[in-house]
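In order of appearance the chains are A, B, C, D, E, F and G, and numbering begins at 1 in each one.
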Amino acid sequence: MEMNLTYEAAFNELKELAAEMESEQVSVDELAEKLKRASMLIKFCQDKLRSTEAEVNQIISSMGPSQP
Amino acid sequence: MEMNLTYEAAFNELKELAAEMESEQVSVDELAEKLKRASMLIKFCQDKLRSTEAEVNQIISSMGPSQP
Amino acid sequence: MEMNLTYEAAFNELKELAAEMESEQVSVDELAEKLKRASMLIKFCQDKLRSTEAEVNQIISSMGPSQP
Amino acid sequence: MEMNLTYEAAFNELKELAAEMESEQVSVDELAEKLKRASMLIKFCQDKLRSTEAEVNQIISSMGPSQP
Amino acid sequence: MEMNLTYEAAFNELKELAAEMESEQVSVDELAEKLKRASMLIKFCQDKLRSTEAEVNQIISSMGPSQP
Amino acid sequence: MEMNLTYEAAFNELKELAAEMESEQVSVDELAEKLKRASMLIKFCQDKLRSTEAEVNQIISSMGPSQP
Amino acid sequence: GHRYFTLVEKKEGTNEIVASLKAVAWKFGSSRIREFEKQTGQAFGNNINVLLNVSVSYHQRYGLQLMVNDISAAFTIGKLEMERQATLQRLLVECPGLVRQEGENLISLNNSLPLNMVIRRIALVGSSASAGYEDFLHTLEQNEFGYRFAVDSYLGTVQGEANAAYLAATFAKIAGSNKFYDAVVLVRGGGADTDFLLFDQYELCRQVAGFPIPIITGLGHLKNHSITDRLAHTALKTPTKAAEFILAHNRASEDRLKALRNTLIIKSLELMARRQRELALPLHAIIHHSQQAFLSRKDEYHHLSREVLSKSKALLNRRSSGLAAVATHLSLAPLRILSAEVSALQQTQHTLRRDAGRQLKDQIAEVSSMERLFRLMSPMNILKKGFALVSAKGYISRDGSDVEPGQEISIRLSAYEITAITIQKEKRDGDEFNL
């Protein structure tokens, strides 16, 4: 996995992959490879979302009780 | 935290952050960072409000029992 | 504290402060500053009233018993 | 105390002071000062009355029996 | 005192003094002085009735320069 | 079998073979030859599809349920 | 005793004697004359008009003589009154600046003069030997009040009408003495109160009327006043009464003086009391008002200081609410953003999964149809149905056009290959095999 992959880049790549597949431009030779890539990106995004959510919740709960 | 941050500046930054988030211009990558910043600013503002209020209360109690 | 501050001047300044606070033009940063000023003015007025009261009572009681 | 203060002048000044104080034109700054002045004037008038009374009584008794 | 003060003049001055006192035109400042003058005038009149010519003249000159 | 034959190439050759057999004069020998080639290519493609399908299914199942 | 006198007639208005006759009053006649003097208050002397009842007698030695039998008092009184009226009339006519009449009263310059409040210096006109003079001085000097007087005596004879001029001159002497007198006192000492003719004399009356110092008379007559009395400032019956008048006058003045002294004492005491009461007013007002003023300033201050602080708190509360609103927005937005991202990601994942499967299925179908196509095209399948593959000179003949009779051809059947020679060639339209 790229060290400096961002959610943004990952999600954009996923959308391109999805579009390619939808328009059937992907050959069978590439299909597994691309799907593997997509899978990896999905995993990356999910992890990112999950960790971000955890972080957000942690920040929000830290803000919480002190609000007036 | 900036040494010479003012409440005014902090509050304005908070409003900008809120507007950005509302219009969903914030990427997932930035989200936690921005929220952390917001949390810090809120804390700063709350502290400022709290200390100012404490000052008001301190003045009130210093005026003491001589009031009718 | 100004050396030649008068009660009258202090009182008027307090009135202006009260009016300003109502007008929402006062930022929290200024508020703290203004409160510090108000605190000083209140203390000044209070001291002045207290000393004047003592003086007034002393003079009145000195006038008192010699009344016809 | 003025060297050439007369009872008349002192009494008139007292009346003016009373009128001023009645019309609430006296500021806290002036109050003690004016009251001090009033106290001095009253003392002056009382002393003057007392000395004049003594003098008057002395003259009257020197005028002899007052029966017709 | 006037060398040619007559009983009539003295009496009239006394009447004026009495009228002044009656009409409250006499200030405290003048009162003793006026009463002293009255006392002197009364003495003069009584002397006029009971003294010899020589005595009256002597009294008049003894009154000296204290006349108003 | 060529070592670097791709599904894409195999499928395309199949399509060419079908066209040739339909249109040109084919000797019995050639015919037999071409049929043999087509049979091989079909087998290659089917194998490739089968393995890709297995791989895709494995990837998809590894991605877990996608429904929210 | 007997009286001897001469009766004369004067020429009108002069002293010129036109006729004279000696007369005598014997005992009875003298008693009548005494009665006359008593009734008229006039001495039987010179310069009076009389009405006599006489008897004429003649004596060789004394000659013709009238003996008085009786005398009419009424006649002389009338005559005297006429003379008085004449004097009065003359005064009124000749001295209008000194005398005038108002009804019964005679107003003279002298009796219009104000009397000094205290009569102390007195010019006393009288006869030194007379009892009246002594009475006056005694009464004056022996007074119970201790009043002292300075009396200058101007002595002379104060009787007999002939002395009118002398008396007038005495008055002139007083006026010219350059001394100051409070009053001139004219007394007539004792004796007969008969000759008041003197005080009706014009010269004396004029002097009295115009005299610049008030004249007090004490002439001792009991009946009617003389003109001098009427013109003088004050007329008393006797010298003693004159002295008493002066004492009473001074006494009245002293009483007024004492009253005035009492008024002065009372008024000055009242004045002091009033001033003392007056002083209490501003004193109380100042105490009250300064306390009030102070309390209201104090109230103002408390109100204002509370206002400043409550407004500060209100301001802080408003700021705090604003901050809370922003904080709420900020805490809700990230979760919304995240959940949107999750949906988008799931959508993409779903699309990928669906499209990858579909593409594989399509390829599998295509490869299958390709397989079927090749299977159809394989000659073995045709040969098994009874068809034959004909080839000439090594190539498969599709419609027989390239085969000629006599030509050797090879026929391939499903199990065998036959070599044959072409015998005949016949054209066919061959619709019978069309589907």
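Keep this in mind: a contact is a pair of C-beta atoms (placed from the backbone, for glycine too) under 8 Å apart; a residue touches a chain by one contact, two chains touch by 3 or more.
Predicted model only: the values in this text are computed from it and were never measured.
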| item | value |
| --- | --- |
| Set of chains adjacent to chain A and to chain G | B, F |
| Shared interface partners, meaning chains that touch chain D and chain G | C, E |
| Greatest separation from chain B - chain, by CA centre | E |
| Pair with more cross-chain C-beta pairs in contact, given B-G and C-D | B-G |
| Chain whose average C-alpha position is farthest from chain C's own | F |
| Chain centre separation in whole Å, for chain E relative to chain C (CA means) | 61 |
| Chain centre separation (chain A, chain B; CA means) in Å | 33 |
| Centre distance in Å when chain C and chain F are each reduced to the mean of their C-alpha atoms | 99 |
| Intercentroid distance (Cα basis), chain G paired with chain C, Å | 41 |
| Residues of chain F whose C-beta touches two or more other chains | 7, 49, 52, 56, 60, 63 |
| Of all residues in chain G, the ones touching two or more other chains | 261, 268, 272, 275-276, 279, 283, 290, 294, 297, 305, 309, 312, 316, 319-320, 323, 327, 334, 338, 341-342, 349, 356, 360, 363 |
| Touch relationships between chains, expressed as pairs | A-B, A-F, A-G, B-C, B-G, C-D, C-G, D-E, D-G, E-G, F-G |
| Chain C-facing residues of chain D, complex | 27-29, 31-32, 35-36, 38-39, 42-43, 46 |
| Partner chain G, residues of chain D touching it in the complex | 7, 11, 14-15, 17-18, 21-22, 24, 26-28, 31, 34-35, 38, 42, 45-46, 49, 52-53, 56, 60, 63, 66, 68 |
| Complex contact set, residues of chain B against chain C | 6-8, 11, 45, 48-49, 51-52, 55-56, 59, 62-63, 66 |
| Residue ranges of chain G in contact with chain B within the complex | 299, 302, 305-306, 309, 312-313, 316, 319-320, 322-323, 326-327, 329-330, 333-334, 336-338, 340-341 |
| Residue ranges of chain G touching chain D (in the complex, touch as defined) | 255, 258-259, 261-262, 265, 268-269, 272, 275-276, 278-279, 281-283, 285-286, 289-290, 292-294, 296-297 |
